[in-house]
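What follows is subunit A paired twice: with subunit B in the first complex and subunit C in the second.
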Partner chain A sequence: MSNLENYVAAFTSTFLVDESVLAKLKYQDIAAWDSVGHMSLMAKLEETFGIEMDIDDIIEFSSFEVGRAILAKYNVNMA
Partner chain B sequence: MAEAKKLPVMDIGSIIKHQRNRYPVLLIDKIVDLVPGERATGVKCFTYNEWYFPGHFDDEPNVPGFVQIESLVQTFILTFLCKQEYAGMKTNFVSINNIRFKKKIVPGDVLRIEATLKNFKRGIAIGSAESFVDGEPACSAEFVVAVPDILDQFKPKP
Partner chain C sequence: MKHIADLPVRVIAGCGLADLQNKTLPPYAPEAVAFLTAWSKRLMARPDIRAYPDAASFAYWCRPANLARLQRELGRDHLRMGRGVALHIAPANVPVNFAYSFAFGLLAGNVNIVRVPESLPVQADVLCTVANDLLTQPEHAHIAAITTLLSYPRDDIVTQRLSAVADVRLLWGGDQTIHHLRRMPASPRCVDIAFADRYSLCLLSGPAVLAAESKALKALIIGFYNDVFLLDQNACSSPHLVLWQGTTQEIEAAQARFWNAMQAFLQTKAQSPGIHAVDKYTHLCRTAILVKGAKAMPKKDNRVFRVALDELPENIADLRGRFGFFFETIDNDLAQLRRIVTTRYQTLTCFGVDAHVLAETVVSHGFAGIDRVVPVGKAMDIGVIWDGYDLIRTMSRIVATQ
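On to the complex of A and B.
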């Protein structure tokens, strides 16, 4: 799987949402993406990509799109 | 020569100080073994004076399943709430999995609970606990528990 496919899978498996809603998905847009869901997503991404995210990046990670840019800092590119 | 009586690692006063459950839902009496961040062993003594026995059941008193689960998780959360930086924080269930009830627990039984913390990161604790009466397995479960005060430190900005 590509990085983008893994990234999408992390969201869909954590929040049980359809891929079609991800592009505009933001924190707290859905009930599943609350503070607990956020930590579950961060853990899933760290496990998937073998990284450990900084606290500032976890706080900045406010949407599907913003997350793509943040992961690029960890050499997880999804061009 | 009789074996010296082992003192609890945490008595009821210390338990009250480190976690937020109170009567009638404080369901452990002492912690007898503790490795902070790794494991805890708790003890709960059941007497007929427990508030739930008259209702569960009047003709056959035994400990309800939810009480057993609460006893397990209250031991489990002390694996990390025993640390000074987390002491007194509230916790919430995220999930409970693979619950097994193996023995009816009745007035007079003493429950020994062995809890293990597998992972604690950014306010999410993952682990398990199992309990025993007279060495016989009584109940076991796996837990994911959240600490909201810690989670709040990692929430995205609005």
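On to the complex of A and C.
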């Protein structure tokens, strides 16, 4: 699976949402993406991509789109 | 383990006391990390974990990235191993505390006997069930052989017998409990780490609260809520006192902005039981009688009770309330804080004031207390540096070569 596919899968499996809602999805937009959901997502992304995310990046990670830019810093590039 | 094999206890996870083996490990041993990360992963994967934010926080803390970071922070300037048997007496007031205590003991390389409260709150039960499940699997056999989570009705004989085999005792509880446990004999080189009753507070900058844009204000409110209401101020790190800095006008406006936003946020949360309101109201009356100059601040409903004081009495820590009861005062030069802080004071959360500068002030002015200065929202974040102890270093021993 490509990085983007893995990234999408992390969201859909953590929040149990359809891929179609992801493009505009932001933290706290849905019940599942509360602070606990956020911890689950961060842990999932770290595991999926074998990275350790910086606390500032975890705090800044506020949406699907913003997350893509943040992961690029960890050499997780999504075409 | 021979001397404790016959004790009448209920084993909740891990192996029975008769089968416990005295096989210590180095800090952050691969087997220990593997077990904790498996525990973390299983917990995070549960659909019901969202109902237990404290259990989720523990699981998040145990994730591979965090343990790797902690291991790097320990460094390798000395060759270390666990001290031996760590006996943990977990507190009743924080449901997931036993899990952190156990994790600290395990990461330090010890054999762990963890006494948990007899009646486990649901999230503690979830943690134990998942742990027990993992510990029955062959890949975690080494950890199972050095782990016993147990409970028993209060029994000094049992506690004494466990105490006698301990190389480290982690004692969590009120002052009375600590005194009682400490008096039980332990081996000459046993290290006691006592987590006694502590008191915590919050410092807010009026100008910063006023200048905060709505996203930052929302984050502040949520952070304060988490610090306080998740455990109804029952945890030692929850603030009971709010200090403000700024001019009188700035503070008045900032208080309105802060508490109104807090009220609005609380209204989105479930209604708390009537008995909490009664508890707070009773406490308010008690305070009015005991404290000169106490002024109840106007309130919209019963969720937050505030008492304003021009001058803090020395015994303010004895007057703390629960379920959302706060004393407030102004302390621009920290003169009040300097006057009242004792060894009981643990966590100072802050907003709009630099935590490092505050921490330096604690040291340079020789404050009798305050072990942590962290941003609002981080009060409950327990870690391997806690209550002023460097736990992994304290719970492991050095094998020196010079």
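Just so we're on the same page, the second predicted complex is superposed on the first by the 79 of 79 C-alpha atoms of A that agree within 3 Å, B and C clash if a C-alpha of one lies under 4 Å from a C-alpha of the other, contacts with A are read in each partner's own complex, and residues count from 1 in each chain.
Rule of thumb we're sticking to: a contact is a pair of C-beta atoms (placed from the backbone, for glycine too) under 8 Å apart; a residue touches a chain by one contact, two chains touch by 3 or more.
The structure presented is a predicted model; accordingly, all values stated were derived computationally and were not measured.
Applying the stated contact rule after C-alpha superposition, one finds that A:Phe61 touches subunit B and leaves subunit C untouched.
Contacts of A:Ser40 after superposition: both subunit B and subunit C are touched.
In the overlay built on the shared chain, the residue A:Ile51 is in contact with subunit C alone; subunit B does not reach it. By the touch criterion defined above, A:Tyr27 reaches subunit B but does not reach subunit C.
Common to the subunit B-facing and subunit C-facing surfaces of subunit A are residues 35-36, 39-40, 42-43.
Partner subunit C is touched in their complex by these residues of subunit A: 32, 34-37, 39-40, 42-44, 46-47, 51-53. Here subunit C touches subunit A in the complex through residues 40-41, 44, 49-50, 53, 56-57, 59-60, 63-65, 68-69, 222, 226, going by the rule given at the top.
Per the touch definition, subunit A reaches subunit B in the complex via residues 27, 35-36, 38-40, 42-43, 55, 58-62. Residues 92, 94, 121-124, 146, 148, 151-157 of subunit B touch subunit A in their complex.
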